[in-house]
Amino acid sequence: MTDRILGILTPLALVAALWFAFIYAPTEATMGTVQRIFYFHVPAGITSYVAFIVVGIGSLMFLYSHDPKWDRLAYCSAEIGVLFASMNITMGMLWAKPVWLVWWTWDARLTLQLLLALIFISYLMLGAYVADPLKRGSLQAVVGLLGAADVPLNYMAIRWWRTQHPEPVIGGGEGSGLDPDMYVALGVAAVAILLLYVYLLRRRMAVEASSEKLRYLEQMVASR
Amino acid sequence: MNATSLALSAHDIGKTYGHFPALAGVTLDVARGTSVTIFGRNGAGKTTFLKIAATLARASSGDVDVAGFSVGEAPEDVRRRIGFLSHNTYVYRDLTPRENLRFFSRLYGLDLSDDELAERLGRVGLGHRQNDPVRSFSRGLLQRVGIARVTLHDPEVLLLDEPYTGLDRGAVDTLNMMLDQAVEEGRTVILTTHDLELGLRASGRAHIIDRGRIVYSGGAADLETREAYRHFIQSGTKP
Amino acid sequence: MKPILTLILKDVSIELRRKESVAAMVMFGILVMVIFNFAIESANVDPALRPDLAPGILWVAVSLSGILGLNRTLAIDLDNDSIQGLLLAPLSRGSLYLGKVLSNLLFILVSDAIAILSVLVFYDLDADRRLLWVALVVLLGSIGFASVGTILSMVSSHTRMSEVMLPVLLIPMTIPLIISCVAATATALTRDAARPSLSLIIGFDIIFLVISYLVFEHVVEE
């Protein structure tokens, strides 16, 4: 039931976000139309961090309770988190090129996203390559937890490093003002993207639960 | 919680990995000073059970006390009193048997002198090879180093997981000699295997695990036991 | 405490007999620096500025040879499944973890010492009191590296491509450490009297040592 509601709300919210981003929001003075990527770039980034926090919580709870639903939550959130981190990075690059004429500047936020994506990917690779499927949950949970501790440290390190060596900031510096209408558009888009995350997460978890059940049944048949 | 007549007391032990129930409620008592064999097909759960008793794995539910201590609450006390051996001997191949034993004796807080270590190695017939690196040893000699290691700290309970796997006649005899001596010394021996004759040879009781549960318990010498073995283990795939 | 020393002594004895790990680490560290020299040549860096490259290159060499070392020391305990022997000892899982971290740290520090000497030579740096600061940064950084590296090498050992899995997991995880160490080393080597900023490095060390100590049992038990 929840999924059905989400399944209708999410595309509606996304369409609304598109309208707000492309029609409602005023055109930015210096960067022009290209700046509108901002309305999806930032929420994608925020969502990737939310996804990562969920991976951290799932990992911790799994280590505590060994209930497979926590492992499933962490794993699925990681898959979707990579998606949003990649979207954020790609959009960042698409924005950077016309505005600053370079694809990449090791900007603090983009670098953080890249590192987050790398940690996600290494987490998923571990899951794929573990030889004994019975151990997979615990091992991923440990890495998920370590990764969750790492991200704030990454944030501090890169922030500090970038204040030593400033470079053009993609996505607007701390002081850049936004028109109130822009905040509205950003808010709508953020809600839409977060809804998308929740919807995808629920669907992915349902699929994963079925896969696990199937694997278990296959094993039962094979061992007879 | 020390004075008890049970070497092992397991109550409703469950172990699930995700959906997969490796153990689905094992309840078992082993009296001190007895010798017990647990039979089971591959994947039945006997290794899992033994590993939980040895604190190498954690049960998902239920509890087990070994040598009077709970594996969940006092694992180190349990480990101090048990010896675990499988077909792997867990010794360092770059060190000599003497260095291996010296290492383990320090790890267990024993601090045996060189003479005492030499004597232990002599007991398993390795006195003449005590200073050769283990890397050069045959399977049989490796097994003997393993036996010396597992009995080093005079454990009350010996847990052996399929110890006969891959052993030749001579090594089997050496192992059996060690087990007989252990029983004589009043230790408890819990053995898993799927070989009927070796399993029944020196044991008092036999149990059969199938699909994570104990499905049979009886005396090793009983005819019933052999029939149960035939039924559960040799029957192959059921229709 | 005594069991931990016993564990370290065991790793040292085996390494002295095998003579594999430390030699390989040292050699690898030097080779990395040599490669870097040729890689940088094409950038035509002003010779006066070359010493500025030293901190970065030092830490690349230290990280990569550290990964090599971690894999080698783990192999000692995986051979013949010897780690099970350790898991059966009346020792807590956390103590086992600490013993392994200290062994790894020891080997990494030996390799680091040679790496520092190499950097001094290759980049013609003065060997004066500032070197003590560099040594401190290297020590603190290596502690962090060894603490995460030990638990992740244990995690990687359960995968099919264990030796490759370790850098895949370890490098992203240690980026904040490397950034801070490179910066601190650079500060230590400049001519003015600025003290390098060590707080992030120390924070990293403490956080990862504590977390790894607490969760190690989940990696080694079933």
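Should a chain be cited, it is by its letter among A, B and C, assigned in written order, with residues numbered from 1 in that chain.
The working rule: a contact is a pair of C-beta atoms (placed from the backbone, for glycine too) under 8 Å apart; a residue touches a chain by one contact, two chains touch by 3 or more.
Fair warning: this is a prediction, and the values are worked out from it, not measured in the lab.
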Going by CA means, which chain is nearest the middle of everything shown?
C
Which pair, B-C or A-B, has more C-beta contacts?
B-C
Farthest CA centroid from chain A: chain B
If you average the CA atoms of chain A and of chain C, how far apart do the two points sit, in angstrom?
31
How far is the middle of chain B from the middle of chain C, if each middle is the mean of its Cα atoms, in Å?
38
For chain A paired with chain B, centre-to-centre distance based on mean C-alpha positions, whole Å
48
Residues of chain C that touch at least two other chains are 222
Among the residues of chain A, pick out those that touch two or more other chains and give their numbers.
134
Chain B-facing residues of chain A, complex:
66, 68, 71, 133-134, 137, 212-213, 216, 219, 223-224
Chain C-facing residues of chain B, complex:
48, 51, 54-58, 76-77, 79-80, 82, 84, 86, 88-95, 99, 103-104, 106-109, 133, 149
Which positions of chain B touch chain A when the two form their complex?
17-20, 22, 43, 60, 237-238
Which chain A residues qualify as touching chain C in the complex?
63, 115, 118-119, 122, 125-126, 129-132, 134-135, 138-139, 141-143, 145-147, 149-150, 153-154, 156-158, 160-161, 164
The answer for chain C against chain B in the complex is residues 2-3, 6-7, 9-10, 13-14, 17-18, 76, 79-82, 84-92, 221-222
